[in-house]
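Single-structure report; data block below.
Read from first to last, the chains carry the letters A, B, C and D; within each, the first residue is number 1.
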Amino acid sequence: MMNRINQKLQEDKKLLSIYFTAGYPNLHDTETILQNLEASGVDMIEIGLPFSDPLADGPTIQASSTQALKNGMTTEVLFNQLKDVRKSVSIPLIIMGYFNPMLQYGIDAFCKKCAEIGIDGLIIPDLPVDVYNEQYKTTFEKFGLINVFLITPQTSVERIHFIDSISNGFIYMVSSASVTGSQSGFGEEQSNYFKRISNMNLKNPQIIGFGISNNETFTQATTYAKGAIIGSAFIKHLSKEGVKETDSFVKSILNKT
Amino acid sequence: MMNRINQKLQEDKKLLSIYFTAGYPNLHDTETILQNLEASGVDMIEIGLPFSDPLADGPTIQASSTQALKNGMTTEVLFNQLKDVRKSVSIPLIIMGYFNPMLQYGIDAFCKKCAEIGIDGLIIPDLPVDVYNEQYKTTFEKFGLINVFLITPQTSVERIHFIDSISNGFIYMVSSASVTGSQSGFGEEQSNYFKRISNMNLKNPQIIGFGISNNETFTQATTYAKGAIIGSAFIKHLSKEGVKETDSFVKSILNKT
Amino acid sequence: MSYNINEKGYYGEFGGAYIPEMLYPNVEELRQNYLKVMAEPKFQKEFKQLLKDYVGRPSPLYFAKRLSKKYNTKIYLKREDLNHTGAHKINNTIGQILMAQRLGKKRIIAETGAGQHGVATATVCALMGLECIVYMGEIDIARQAPNVARMKMLGATVVPALSGSRTLKDATNEAIRDWINNPVDTHYIIGSVVGPHPYPDMVARFQAVISEEIQWQLQEQEGKTKPDYVIACVGGGSNAAGAYYHYLEDTDVKLIAIEAAGLGVDSGESAATSVLGKEGIIHGSKTLLMQTKDGQITEPYSISAGLDYPGVGPMHAHLYKSGRAQFISITDNEAMKAGLELCKLEGIIPAIESSHALAVFEQKKFKPNDVVVLSLSGRGDKDLETYINYFKL
Amino acid sequence: MSYNINEKGYYGEFGGAYIPEMLYPNVEELRQNYLKVMAEPKFQKEFKQLLKDYVGRPSPLYFAKRLSKKYNTKIYLKREDLNHTGAHKINNTIGQILMAQRLGKKRIIAETGAGQHGVATATVCALMGLECIVYMGEIDIARQAPNVARMKMLGATVVPALSGSRTLKDATNEAIRDWINNPVDTHYIIGSVVGPHPYPDMVARFQAVISEEIQWQLQEQEGKTKPDYVIACVGGGSNAAGAYYHYLEDTDVKLIAIEAAGLGVDSGESAATSVLGKEGIIHGSKTLLMQTKDGQITEPYSISAGLDYPGVGPMHAHLYKSGRAQFISITDNEAMKAGLELCKLEGIIPAIESSHALAVFEQKKFKPNDVVVLSLSGRGDKDLETYINYFKL
């Protein structure tokens, strides 16, 4: 059976993927958010497993993680919340989190649990490619999980090819050198970068993340890439409007009314 | 003509000498204090020329010097106040002061002025014996001024003999190792010291100063020495009772009523 | 068994470079160049010269007579407190600023706890005319005010870290974020033997001058290059790494690492990583760290800003796990007492970090003939207010 | 003409021992013994060893590249700021504490202005286990708070001087009074080349290690032992005396003395003794001092507590009068600016006293090939608050 991510990537459309931090704004919002997002037409979701020291994240996601932890979110709690998620949600689900909480859970146990629940992939910013390859690849594959790798504007051509060669699913293309949420729009530099990568004709499609916050940036990103991921902008929306109003956010991104 | 100090020392009695700071408590108290002291039966007076940094003096005399300077006392002013002192005061008068103000006035001019006024001697705590001998002795002698030297409990026997040999008038015997005003009575140590010096049978009589504050200490001191000098205790009295009441102070020291 | 780093950047099972891809080019550039650059004669010459003429090295190895007498053993203090800026930290920043120049960097960032590393970084940036941004926890900014003032005087920008425990760990997060945001022109001068490979090794090599000097200084004074013990406090572990470095593989020399127990190892207010920590990832390195069962990093506590860190460098994790070094925890109270004792016995006011190391003598008995070298990592000027308030002087 | 002291204790017409008889035995004991004791090999060995292992000497002679470039001349900084306790003062207190031990003294007193000498004295007293009382003007206690804290940590008793200008002059008076009151067991460690003979000479000899080192350090770096200029700030004059010492009789080497002009030489708020002073007696020595026409000593002013003194040592009075040294006055503002400049250009925060010396480069032009050695007498840690407030950082 093909992984849901790969299935989704075969669809002839630009994909919208949304990130949110599990346990934020309230501990038990996870399921509601997942269902609402799917209902609004989102293609894929990254569920953030909060971490105390999210060093690749900007202030918005960092604050949501702190709040989620305060609310009582733990790996255990999250897995419990997701236990029956596949009864109501069918789009690809990715858990995004830092390596240490997973390591403490036990990588094998963690992957096993993900598989049971129906998680399709993982994004682990601080798990380096070589360590993954040497130590964890077989485990991930055993449980049918896709590990998504990142590239950035500074990633060398060579390394992009290497990452492409070992990737499955898609490449997470960081829009600019920055932690999450720190850009407000894309300029020429980014367009050139998007074009450059697009022209490389990689084996794996790319989904662009970091700095996408509205229809304009979504459109810019997906002109060159298969899709785009929104994180901070959605967290901001959540903190202002709460979980009920996610539909309007997604519509505004897709410019549907 | 014999210097008034030497004359006084020949009298067959124990001598009471009083120190006060010129210009204290008020700028123009000098003459009144001098006259009152003589009237009360004091034998000799040290007139303090105030100095900004009286490093051999304790807090009482230091404070009186600061006040005197604030009141406007200067070398010039003091000499003016004393201009006609010999019309009303006949006991020996000694100017006691630090060397720098005299140096700035000019030692020759200073001595000349003293002689004109009828000052009999000088006590200059920070003018060392050897400097005096080499540089200023002839000037002092030319103007008939006695320079009084100090000895302390730490002064070696040799040095005492040396100081005795070059002294004229009396030796100022510092009662104990201390700045002025810091002792409250004499103990065995001091008595032994007084006896020791007395037994040396020096050429010059000794007058004891520092720490004499009442009849008891005056009596103790004069048991062994020719006389005693009171400073801080008199300044304290002045600051409490003012210039009018000096008589009662002197009487209390001499135990006369 | 080797106690030094292996080719892959690990000390035993600890170390590595657990970094986001955004940092890969920077860290990789450093990894590929650091040994090469450090081996250049010109680099070595410049480094050595600055250590001598600017930092004031060699730092003395001082035989502490009265302290030795009190504890009936032979105590030598390695006087890193006498270095320019007042701690061992500058050995590393001198090295790294030269490295940054070689790599063509124009902008320097750093994290700091006690402020010593921040001052040392601001100092070398002024010396080289480079821009300097220092991240410092809000709590540390308050308790190490003199060092904040010094950084400002030196022209550095001090940015408060407002998240988490608002101490060293969080300042490090902020510095890493800055580096992610500025990947081209910026060099991140990490202040201890922590962070992703090659930082722990590079910093240890720059600090190794400490034990290099101890060897010949001890030869001069004791007629032998090896002490019986080397003792150092461990925050991240850089002064310890420097003091141990040339003795790492020589097990005749016993190593003692002193950690901050805060209010007590079991009080919940502690920074004693070896006792309380478990293997995990912090700031790009696999090491021992204090964390919840769940893998969330714990907020540490110590009266000493420089030891108030929930991890240790991977070298130290390895030294602990392998038993090569003995780890001893010292409470706030024990450290403060030992610090005051050094003032009174030897006329040296130690940094509170170093006071933790000094407290070893109340915990462990040494033999009269033992030669004990203790790394006096810094001076206490930055800690005066803490001392004065503590002792109500 | 000789610029050193003569047998009678005078530099030219300046010097001597204008002391009350109460001090005669103490001063005489010292006078008779100081050269003899200093000449003892055992004394020399102990002194040198402590300077090396405890103080951290030699202090570097650091070629200040960026400062040199800015002023287009060759500037070397003699890094007394790197000494233990942060200034040159400790060279002298180490010497005097050994002297006091030889003389069997058990109790040590000192005066202090900037607090550096007080700290240096408290330090050596702790080192030797002797009681220590430090007199310090009430105003200086307020403006040099870190040093007051350090003295307390070191176990010294700090006694405020409440009279006069409540600065260094008055602290000195109080110390002398204490000595008069305690003539047997007490040694008075004077902190500069002031006071009655033999103090100026003894202190100069202890500080002479500065120029002794400059000679060979310059040989190493410039291939010659003589600089073209030696520059130092002058409070009492001890760091200057030490920096000049071995060059005093060699008129190829030009000497520059920097005095504190406060708000301006003619402002009434100044401490520029050479310009404003006249011959007179202060603290037992004939020298230049600021005084009224009447011979009352004037209250000086400088932003720098260590230069806020109405006199200079007799050596400097002689150097001034004979023209051997050039005297330059530097205002508060000029000094503060120069201090900040050193921070920004060289990463060194100087004591405000030393900042006065640094301001010379804005006042006087040197030739590109001139070798200029400047005594960086102390570090600025004690002055951080003053700097920060002044520059509103």
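Assume a contact is a pair of C-beta atoms (placed from the backbone, for glycine too) under 8 Å apart; a residue touches a chain by one contact, two chains touch by 3 or more.
All figures in this text were calculated on a predicted structure; none of them were measured in a lab.
Visitor: Show which chains lie in contact with chain A and also with chain B.
Guide: none
Visitor: How big is the gap, in whole Å, between where the Cα atoms of chain C centre and where those of chain D centre?
Guide: 35
Visitor: Counting only Cα atoms for the centres, state how far chain B is from chain C in Å.
Guide: 66
Visitor: Going by the touch rule set out above, which residues of chain B reach two or more other chains?
Guide: none
Visitor: If each chain is a node and each touching pair an edge, is that a line, ring, star, complete or other?
Guide: line
Visitor: Mind giving me all the chain pairs that touch?
Guide: Inter-chain contacts occur between A-C, B-D, C-D.
Visitor: Please name which positions on chain A make contact with chain C in the complex.
Guide: Chain A reaches chain C through residues 51-58, 62-63, 66, 69, 74-76, 98-105, 125-129, 131, 149-152, 154-156, 159, 174, 177-179, 182.
Visitor: State the interface residues of chain D toward chain C in the complex, per the touch definition above.
Guide: Touch list, chain D to chain C: 52-54, 56, 59-63, 66, 79, 81-84, 86, 122-127, 129, 146, 149-150, 152-155, 340, 343-349, 380-381, 384-385, 387-388, 393.
Visitor: Under the definition above, what is the set of chain C residues touching chain A in their complex?
Guide: The touching residues are 16-22, 24-26, 163-164, 169-170, 173, 176-177, 180-184, 278-284, 291, 293-297.
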